[in-house]
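Chain IDs A, B, C and D follow the sequence of writing; residue 1 opens each chain.
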Amino acid sequence: MVVVMQAGASEGQIQHVIDRLVALGFDIHRSTGASQTVLGAVGVRPDFDTRDVEVLPGVREVVRITQPYKLASRAFRPEGTIVELPRGVRIGGNEIVVAAGPCAVETAEQINLIAERVAQLGARLLRGGAFKPRSSPYSFQGLGEPGLVLLREAADKNGLLVVSEVMDPSQVSLMLPYVDVLQVGARNMQNYHLLRALGQVAKPVLLKRGMSATMEELLLSAEYIMSGGNYNVILCERGIRTFETSTRNTLDIAAIPVIKQLSHLPILADPSHGTGRRDKVSPMARAAVAAGADGLLLEVHNDPEHALSDGAQSLYFDQFAQLMAELRMIAPAVGRCLA
Amino acid sequence: MVVVMQAGASEGQIQHVIDRLVALGFDIHRSTGASQTVLGAVGVRPDFDTRDVEVLPGVREVVRITQPYKLASRAFRPEGTIVELPRGVRIGGNEIVVAAGPCAVETAEQINLIAERVAQLGARLLRGGAFKPRSSPYSFQGLGEPGLVLLREAADKNGLLVVSEVMDPSQVSLMLPYVDVLQVGARNMQNYHLLRALGQVAKPVLLKRGMSATMEELLLSAEYIMSGGNYNVILCERGIRTFETSTRNTLDIAAIPVIKQLSHLPILADPSHGTGRRDKVSPMARAAVAAGADGLLLEVHNDPEHALSDGAQSLYFDQFAQLMAELRMIAPAVGRCLA
Amino acid sequence: MVVVMQAGASEGQIQHVIDRLVALGFDIHRSTGASQTVLGAVGVRPDFDTRDVEVLPGVREVVRITQPYKLASRAFRPEGTIVELPRGVRIGGNEIVVAAGPCAVETAEQINLIAERVAQLGARLLRGGAFKPRSSPYSFQGLGEPGLVLLREAADKNGLLVVSEVMDPSQVSLMLPYVDVLQVGARNMQNYHLLRALGQVAKPVLLKRGMSATMEELLLSAEYIMSGGNYNVILCERGIRTFETSTRNTLDIAAIPVIKQLSHLPILADPSHGTGRRDKVSPMARAAVAAGADGLLLEVHNDPEHALSDGAQSLYFDQFAQLMAELRMIAPAVGRCLA
Amino acid sequence: MVVVMQAGASEGQIQHVIDRLVALGFDIHRSTGASQTVLGAVGVRPDFDTRDVEVLPGVREVVRITQPYKLASRAFRPEGTIVELPRGVRIGGNEIVVAAGPCAVETAEQINLIAERVAQLGARLLRGGAFKPRSSPYSFQGLGEPGLVLLREAADKNGLLVVSEVMDPSQVSLMLPYVDVLQVGARNMQNYHLLRALGQVAKPVLLKRGMSATMEELLLSAEYIMSGGNYNVILCERGIRTFETSTRNTLDIAAIPVIKQLSHLPILADPSHGTGRRDKVSPMARAAVAAGADGLLLEVHNDPEHALSDGAQSLYFDQFAQLMAELRMIAPAVGRCLA
């Protein structure tokens, strides 16, 4: 930690800061310049709140020099993590992995139709919600466990894996037999009870970035899961909230190369939630792959106009087919391939 | 719902939209202008996703004309809600109510000292966390139930009520004997399992606005609680995330008059989290009261420099005393009083 | 314009709104529903401020149904605009056009070196600032007219065109002999005196989106230029300001397909300013092209470590070479080509 | 400047950074820790771009420890600046100063009526636009010089001073005879030609914060004016752009105490533009004064429903009267008074 004193800080103020830091267990290096004093404090605990020093009299700025996360940082595993899934699917490797499916599981017929089609077109995972977080209490909340049964059957019939959202610690053990990847939604990115529960699980977790979460906060949430022993975390950029309203969210494509630098964890992009409109999904899916994403999470529906939720952002089969063809052309430009 | 067609929309496109809306159970009023057609659709369900119409060919814009929340809207109770608490404390009435205390309960001595002092100076509720949501898994996570015991004892000895944060549905029944108000933190504003659980409870809920939540989303989260039967919801503005970094969050003071117009629910402000720095808390507390807040949530500590969490934003006793004196001068300007 | 009255609006309030609208020259269609009244107002002036109606008693919401811009809207020229430049360069056509060069012209040697190299690698325009908008008054402010002379010479020697920034109406006539495209920087997007001056000019204008400008505001600024008679406007996405600080700005890639839908004008992306860091420029350049951008504006420098401004976001020659090769692989996926 | 190297930075990388910094004229202090090396660089130029070091291999973070502005910083004049105007009006002193008037000067009758009334109620300055920056080229653009004549006459007749907006360097000399304070609008906060021109003027400048400007950028724009010799700069908070749309902008009240700490310059608030709606202006005006603002800029109109611009955010006379009465009650709570 580096503490920058104000230009006019008195010797008494400087000494007070030093005394505080020593009492907190830091070793102090003092550097006195012509106009300003700078203190280097060595030995900071990962959870130290730098504001405690910032508010002391005479302090201008405090800079943390260690990252607050360890297990999620690139330094922990410089070569990068590949999350190994059944059927030989590997996220973070050479292949760009696509998870596709409806927002919510609705009927056996619907999910089977979709699974068959997305599998033919190159998807590796089937996505679909059985428990739905909805901003209105009056909206469709998902089929629950029967939805998971349908999802699993449709996936198995078509050689796909299953990813589905878990909303509460109480759902974890119920879901485990049905899914290959447990998804944490953006609204739950800082639901610490849920993250701790997922740290105890032996299956990979897909962790979506919260709508106003920084990169550091996303990685700290990954750290919650990893500190419990579950290192198979897959990150996902799904759009942040900004002043711009012409898309539902602003898909922060730059988060992809930024995360690649800060962390060893693989990262997907979700252009369906990131834009909220079907006609913007394909351009943003292409952009994410061109920027280096390890895969995509895409909403695809057999009949988007009659979907029970998020139909507006679900692709038609032929749109999905065309997108997959385009992605196959783009992948080699980033040294990757697509199924 | 009003559907505005594009200037050049074809008759076929218009008819397709009408057919879709009729199939969804709407009555349609068509208005054909010189350059544009506008459709009025009557009978919208509260959970209808207007994007389903927005993505149809030829549609320029769709405007929902009913609010998606009912119980939380001002129209539901135009005269405004007063939440009645024990000891005659009323939130939303003539008196501006102050809840003060540490970020986290640390020891019996600490919480007793603080409770005594803030009670003397005019606080009505004692705040303090026993379960702490922390962005780092390595930070102090609160004392748990023993902290609630200490909090209750300190409050009772000093004629105060207790407000404390609940993080998970599994904590609700445990907390009920100890607290008068259950607080939902900003990170959990859209934890729907928690909101539903609180709808079943016979105690008031203090619902904090999420860091990137709009007014509508805040009121929809209140609706979740109210739709379960618990109408005693107190809202709280605690700062939103913006590009500005000189404060930890941007306390959106204008949310106070906006909420007063949209909803009948009382609203507090939390300038401690809203600024993140002790030296900015008092100006923003004064501003919130001057703008019409029904009360304040304030972090006050006997020894902020050694607080286990959020010390940087906790007021010293003498700062709190001065602030209360200032607020007593401001309250009459908005037709209110202070204890 | 559609005026939605509140659920409980009185007949008197409704009549007052109707009277106001009629006085303003609107034709009114009234639609009275079970719970709410909706008024359709036909004949709105493009500059009508809908807030004038919003604040009337009993009004819940007002929706403009006509776009405030005309000449910039897609409807004005549905087939799309191609801006024709000398040497057969066409922006908005089949070819993705790259403008590359240093942030600022520094010396004859520097600009010649850069021009030669970027021309070899496929750039069509040479970019470089002679007048630099700098947030600090103490920073390097550009060479002025001598810089323009150097820029023109370097471009001509290498078969390139010139694009350079104009900061003030007083510079327009000075710059015209030296440049092929006049650039308006993000900070000047709403400098209306400058926009009006450029409406009188017979050369294309490259208009950058302001850091907090919506799509509508960007198109209204284009409208300023076009309403003066200059229809050759090229838009440019260069990043917006959000809460995220790991990149200098958040490059809003989705703006590219959004603009393509709303307007007929071509749009470039500037990943150099959009990220602020050299190591993030190439991924974002690829993303922009994959999303459908008509071209790129890129900072390239022969010696970025010693550049007088923005060296940190300037590509080395070999990075630029590799990027161009990658873009040539991506272009066919969006039906385009690259020089 | 403090340069924090990555945990695993090699000795070669560290030496490369040191060599670069020495070549740039810095003195270097090296501090080698168990896991990380930190370099202190003394002698930074005010315009140094820290990103130039940030992008060097092995660097984790660079922290500037000197503020990039000098004249605008609190350290330059710790006791605070009072801007002295004619008629004994002092901005930044004990009295809270109110500037009131219409958005735009429309007619002699209008401006005289308003001037008379706001003077009676306690305003010290008459505000009103003669040159109007409008986002649409088709909107009313102001009366120009004849408007200034009317403004001056109305002010003189009623013992008021005049503040009016200047949009372009070419207007400065024209405006000087008519105004006491030259206002720079939010859209022009980084119009550096204009700022430089105002540095040469012998009259105070009211500088509004840009919609997405940080505190540092606002103070750097003040520095542009002050570095030209004009130290009489008055800052103004007028709302920033955020995701929240229930108000036109988010009035960042916390900017008031933040600026008071960083700078010696006085600061006003403009709740009319900060909210965009008349019914939110008074609560936010009270909040700004309670937070420590040195004054207010308020839109007041004799007939807001027929105003040519911004009528929706203009107060009626009786609203203004009531607000002034409320402010007189609040001012003593912050040790101030009101005329």
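For this structure, a couple of remarks:
One rule holds for everything that comes next: a residue touches a chain if its C-beta (ideal position, glycine included) is under 8 Å from a C-beta of that chain, and two chains touch if they have at least 3 such contacts.
Quick caveat: nothing in here was measured; it's all calculated off a predicted structure.
Of all chains, the one whose mean C-alpha position sits at the greatest distance from that of chain D is A.
Matching residue numbers shows that A-B is the pair in A-B, B-D or A-D whose interface repeats C-D, with more than half of the contact pairs in common.
The interface with the greater count of contacting C-beta pairs, when B-C is set against A-C, is A-C. Between chain B and chain C, the centres computed from C-alpha atoms are 38 Å apart. Averaged C-alpha coordinates give centres for chain A and chain B that are 26 Å from one another.
The distance from the centre of chain A to the centre of chain C, with each centre set as the mean of the Cα atoms, comes to 31 Å.
For chain B, residues that reach two or more other chains under the stated contact definition are 212, 241-243, 245, 279. Chain C meets chain B in the complex at residues 2, 4, 6-8, 29, 31, 33-36, 38, 40, 42, 60-61, 63, 65-66, 75, 78, 241-243, 245. Remark: chain D residues 212, 214-215, 240, 242-247, 250-258, 261-262, 274-275, 279-280, 283-284, 286-292, 326-327, 329-330, 332-334 touch chain B in the complex. Only residues 20, 45-47, 49, 51-52, 54-56, 68-69, 133-140, 167-170, 187-188, 190-193, 195-196, 210-212, 217, 220-221, 223-224, 227, 241, 248, 276-279, 305, 307, 309-313 of chain A touch chain B when the two sit together in their complex.
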